[in-house]
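I've put the structures underneath this note.
Below, chain A partners chain B and then partners chain C, in two separate complexes.
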Partner chain A sequence: MALYIGRRLLQVIPMLLLISLVVFLMIQAAPYDVVDSITTPNMSAETIEIIRQRYGLDDPVLVQYFRWLGNVLQGDLGYSLVSQYSISADLAAKIPNTVILVVPAYLTALALAIGLGLWAGANHGRRIDRFIDGASAIGLATPPFWFALLVIYLFGYYLNWFPIIGMHTVGQDDLIDLLRHFVMPYLVLTVAFAPELLRYVRSSTVSQLREDYVLVQRAFGASRAEIFRNHVSRNVLLPIVTQIGVALPLLVTGAIITETIFGWPGVGPYFLTATKSLDYPVILAILLLSATLVIVGNLIADILYVLVDPRVRLERSRS
Partner chain B sequence: MSLRTTALVVAASALVLAGCAAAPGATSQAPDPTSSQTAPGGAATGTFTYVIASDPTSLNPINTSDRWGLTTTNIVYSPLARVEADGTVVNELAESIEPAEDGLSVTVKLKEGIVWSDGEPLTADDVVFTYTNKAVKENGNADLLWIGDKPIQAVKVDDLTVRFELPSFSAAALSNIATETYIIPEHVYSGVTDFSVAELDPIAVGSGPYKLVEYKRGEYLRFEANESFYGGKPAIANLTLQIVANADTVKAALQTGEVDASFVTPAQIADLTGSPIDVHAYPEGRVAYLGVVAPKVKDVKARQAIFFALNRDDLNKAAYLSEEYFQNAYSILPPSNPFATTELESYAQDVEKSKQLLTEAGAAGLKLTLGYAGADPAQTVQATLIQQQLAAAGITVELAGVEPGAVYSEIEKGADSAYDLFLGGYIMGIEPDAYSLLFRTGASANYFGYGNPATDALFDKGITTADLAERKAIYADLQRQIADDAVFFPIADNLKILAVNQRIGGVEDAKPAPIYTLENFGKLTEK
Partner chain C sequence: MTDVLRVAGLTVDIPNRDGVAVRVLHDVDFTVGHGEIVGVVGESGSGKTMLMRSVVDILPETAIRTWTACEVDGVDRTTRSRGDRLPVSMIFQDPMTSLNPVRRIGYHLVEVIRRFQGVTGGRARQLGIEALDQVGIDDPARRFRQYPHELSGGMRQRVMIAMALLAKPSLLIADEPTTALDVTVQAQILDLITDLRREARLAVALVTHDLGVVAGTCDRVAVMCRGRVVEVGTTDEIFYDPQHPYTRALLAAAPGTEAAGGSLTVSGGVASEWVDASAVRVQHSTTHASLVPAEVAP
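So, the complex of A and B:
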């Protein structure tokens, strides 16, 4: 297995190179650059040229790309072209903020999905199943930004229970204040994450119930509850463990829209601002990080799958 | 085997960690509804919270040019003087400003007893230091301090007197010296070798109404009153600029009183009635316009035909909803500019004339593409309306709503541009010569590909004429010339709308101002 993991990790490198090159070229293909997004009509052509030179944007595209790549290989993600701040430092400040929001929301969504999914699956075709399935379909179809605005209207404005903006009231750093700011975006994210997981749990419950072993158990006289508790639920829940791996990239890019709406100082607003102004070192850094997490997450998912289900092998047996 | 164990341990610890992080989520279900939150129109908190839409691009007074960078700079630092909306010069740090008779120098005396927020005196050395560094082109904002190919030089006369020496006469010099140059302390920054950076270190020593005490990027900038401010200690002890990008979030936060003030759009005002909020609409001297890429529509009659087909009133009412929120613009200068004239071809709608001009130009069945900022609600409404209005004259318009940066880099291609028309807007200030950056042949912001030797000659004449009445006549001719050449259809000076919670007073004393929001945030009070 060590060999397998090693080989998979090696495959990551060309993939990341390819991703970075494609993203870089797409940014270059955009009809304007970062300097266009910050110049004003008051600037002379000479001033604009000076700014462009300072950012190295007057060099050929490939020169810019390899200069950037060289720095990244030395562990230097570089500086934002607009703010001139260190990207590593910015990310180090923003990723924890995103994690604080995403992890509780994801775990809540997972718990809800497991509970409701099993319940719905066990009552396949009945009213409660149709209700849960319908609700998750609506949840899936609801854009998070719209739901966020509803939540703000109800809890922030109409009931005036929670503050709307940011993570802290300025000048207050205590936990209670953080929690009061946390509730609304957490609720929105939970509702955003839950439906997909729920449908996954429900459908695998339904398909497990159709398996032969259920019929056999019944033939042996086991009660419905026993079959469900001892066999079906286990078979449904084991693959869920692998979801932890697949969810890994959410830690960085899981809440872009929600964070932006609530002014939560995470990766989301940072990424959106950079994208708007074509601040390419920032865009590339976040996409690389996110791509790495997708690849590593899938690897973890594969490994966990083997660990929880001994019938699955990573490699073809050497016959 | 051991690897399998390790992986299990990793997975387990991940779950535990996640569980830890989840714990606060569980308790958060029971918030304290009675805990303090500023009630709308509520009591004094000692803090004024103002929403800005993004981080300032630069906090360095030497090179900042973005809206929020200039807003912050204007709070922390002070200029020698300001040019007011009517063109008068109001002294700030300066006690007096005396142009020499020959027009080749300006002598500035500083007020006595002004100190920096760290207690050091503000002297002529600081002024010379600031202007000398700002005039360095590599620092990125030197344009106003150059006349032709030579910089304006600042020379210390005595501790409180500075003489600005001009390489040649320029009628714009006084305005250019005063505009947007904020004095920085030499004793703090004398060791800085590169002034092209976005932030000076430390960022906290200034001579404005407030001191910057904390900057959390992406969240807020926090200020405290500068007790030694020469304009009087601010009435509200703390000021916060809170960064919020989403306009709907801002609206809700204004309604709940979580923030005190923000710019809003005309469409949002209807939702704010019923909340304890006052609305202040004021001109920024902006001109919103429809531009023609002249190399794409070469015949002046065809361009005039386009303009005669348009209805300015309808464009403005549709985009800005109420006459309280815009003034029609008829010239390259905003209506509030003291040099603006209304005696010019204003292209009142005349569809028959438009059709006739099209026939004369042999351009019947003209097809055009209009580029505009697709995310801008006002431009989107106007673009759609322009399409309809031109259709009535037989001109077909295709709409291209894109990012603003993309519009400008496309039209700069001139004859190869994909767009024939575009929507834009600018704030160029009081000094009419500043507009030469847009309309002089080959100028840096001449998006129109416009070139007329007569216009260039008028710009040359205007900048070298000292007499005010004479200058006004020259710039009136210039506005008429550009109107006749029909590359620029002025639409409106759309007013900036500042929404302020009623618990805050003194907005008019603080003077709503273009770009900076308020001239002096220190004049605000809590009721």
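So, the complex of A and C:
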């Protein structure tokens, strides 16, 4: 088991290196010269050349790559072209805001999906199933920005229950104020996350109920409730832990549109602003981060899967 | 002495996709006496599995079942309330998929022990391990803790039999219990079933495609065709004095009745040419056969 996890970790390292190389080459290929962000137009060509040498920009590409990689590993993602601020420092301020929005929304969506998905699947083809399935289809087809606007109109404008924009009212930073700002983007995000998870739980419940072991359990006198509680739900829920690994990148890029609409000061507005002003270092830093989280998330998913599924658990540790 | 199982006038309709009821069993009579092994043969789709599922109450949800009699150990079981425990256990064709892959062997056994014997905890565990031992599983304490995928097909079928025994049945229904297993294991499982018949005084209904198995293990045979039992008799009567044309065709189609693996499929026109013939039912009554016209199905 430890061997398997160790091997999987080793597999991930080349992948991460490859991604970092791709991102680095994209920076290199970008239609701007890094030196422009340091120099001013009235510097002489010699001065610029000296600066270039000082920053090592005339070294071979590979040398530059490893220097850049070394910086990234130390948490230095470079500087924004527009604001000249450190990207790492900016992200360190934005990511927690995204996380406190995404994590509760995702967990709520997961809980809803499990509850409703099992319920629908257990009543496959009946009215309640068609209702839940229909609702999740509508949810899947609804663009989050449209639903966000609806929510803003209803709760923010018409009923005027919640503030429409931002995370804090200026001058106020108590918890109640934060929660009042939190409700609407949280609601929108939950509705955005839930349908896909719900469909997954429902269809896996339906297919589990068709398995032979269910018929066998019936033959051995198990009631519907017993079969569901002791056998089916376990088969449905075990693979879901892997979803949690797969959801890891959401911590950074999970709420870009919702955050932007609600002016929530997370990664979303930061990323969109950078995109609009072609702020390459910022865009690529976020790209690098989210690609890394995808890979690490998949690794976590695999490891969790091995931990929870008895079948994989044994085969893997034997091989 | 009363029979262990007596079913009479059993008819089952299952609506197909278009909602049209398809009759899968027509007025079936079926009995199993004490300590008897009754073989049930007939080609694929003839309703063998549906007959067994009717008895243990696990028909598809949409199925409509009617019968004039269903007695188990002489007790009327025509109508059952939920939670009624029949002294009938059933094991299935594919032991690979019969067990829940994410539950240990022991969990399966302990559940049945709790349900049928009201025993829990360490005592249930002990009974479970003893049951594994009884069906010939080596190192039962270790197997008890393992997951289904860690056992071979033959061992899993033994686990199913152990589960079946723990329900304290008078009748064991085995629906093609060896079809999914390789030949040597097939023989071991059949030996186990015949041994249990003697030791545990168990009656057995054995569904099979293999006429060799029927000849080797069964006391009586019921031949099924298109949802009807067309001929019932002792094994000798069926093999040496078959009355119904469908039975004769089955026997002729089998590549030597002693040959293991002789598959029961009538080649050529399949069952359709026996539609008319199956309106006639043959009931061997101890020595002489009589032709009984069955009610013509709607």
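Everything below uses one rule, namely that the second predicted complex is superposed on the first by the 237 of 319 C-alpha atoms of A that agree within 3 Å, B and C clash if a C-alpha of one lies under 4 Å from a C-alpha of the other, contacts with A are read in each partner's own complex, and residues count from 1 in each chain.
One rule holds in what follows: a residue touches a chain if its C-beta (ideal position, glycine included) is under 8 Å from a C-beta of that chain, and two chains touch if they have at least 3 such contacts.
Please read all numbers here as calculations on a predicted model, not as lab measurements.
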item	value
Which superposed partner A:K276 touches (first chain B, second chain C, both, neither)	first
Which superposed partner A:A45 touches (first chain B, second chain C, both, neither)	first
Which partner reaches more residues of chain A (counting touched residues only), chain B or chain C	B
Chain B versus chain C as contact partner of A:D212, first or second or both or neither	second
Partner chain(s) touched by A:S223 [first = chain B, second = chain C, both, neither]	second
Touching partner for A:L10 - first (chain B), second (chain C), both, neither	neither
Touching partner for A:P310 - first (chain B), second (chain C), both, neither	second
Contacts of A:A141 with chain B and chain C, given as first, second, both or neither	neither
Touched partner set for A:N235, first chain B, second chain C, both or neither	second
Chain A positions touched by chain B in one structure and by chain C in the second	none
List of chain A residues in touch with chain B within their complex	1-2, 5, 30-33, 36-38, 40-48, 50-51, 54, 82-85, 90, 93-94, 99-100, 103-105, 107-108, 149, 152-153, 156-157, 160-168, 170-171, 175-176, 178-180, 182-183, 186, 241, 244, 260-263, 265, 269-270, 272-273, 276-278, 300, 303-304, 307
Chain A contact footprint on chain B (complex, rising order)	3-4, 7-8, 11, 14-15, 18-19, 21-22, 24-25, 27-29, 31-33, 35, 37, 47, 49, 54-55, 57, 65-66, 137-138, 140-143, 196-199, 216-220, 222, 238, 240, 242-246, 248-249, 252-253, 255-256, 258-259, 402-406, 408-410, 426, 428, 434, 437-438, 444-445
Residue numbers on chain A that touch chain C, as the complex places them	211-213, 215-223, 226, 230-231, 234-235, 238, 309-311, 314
Interfacial residue positions of chain C with respect to chain A in the complex	56-58, 82-83, 85, 89-90, 92, 94, 97-103, 111-112, 115-116, 147, 149-150, 160, 163, 167
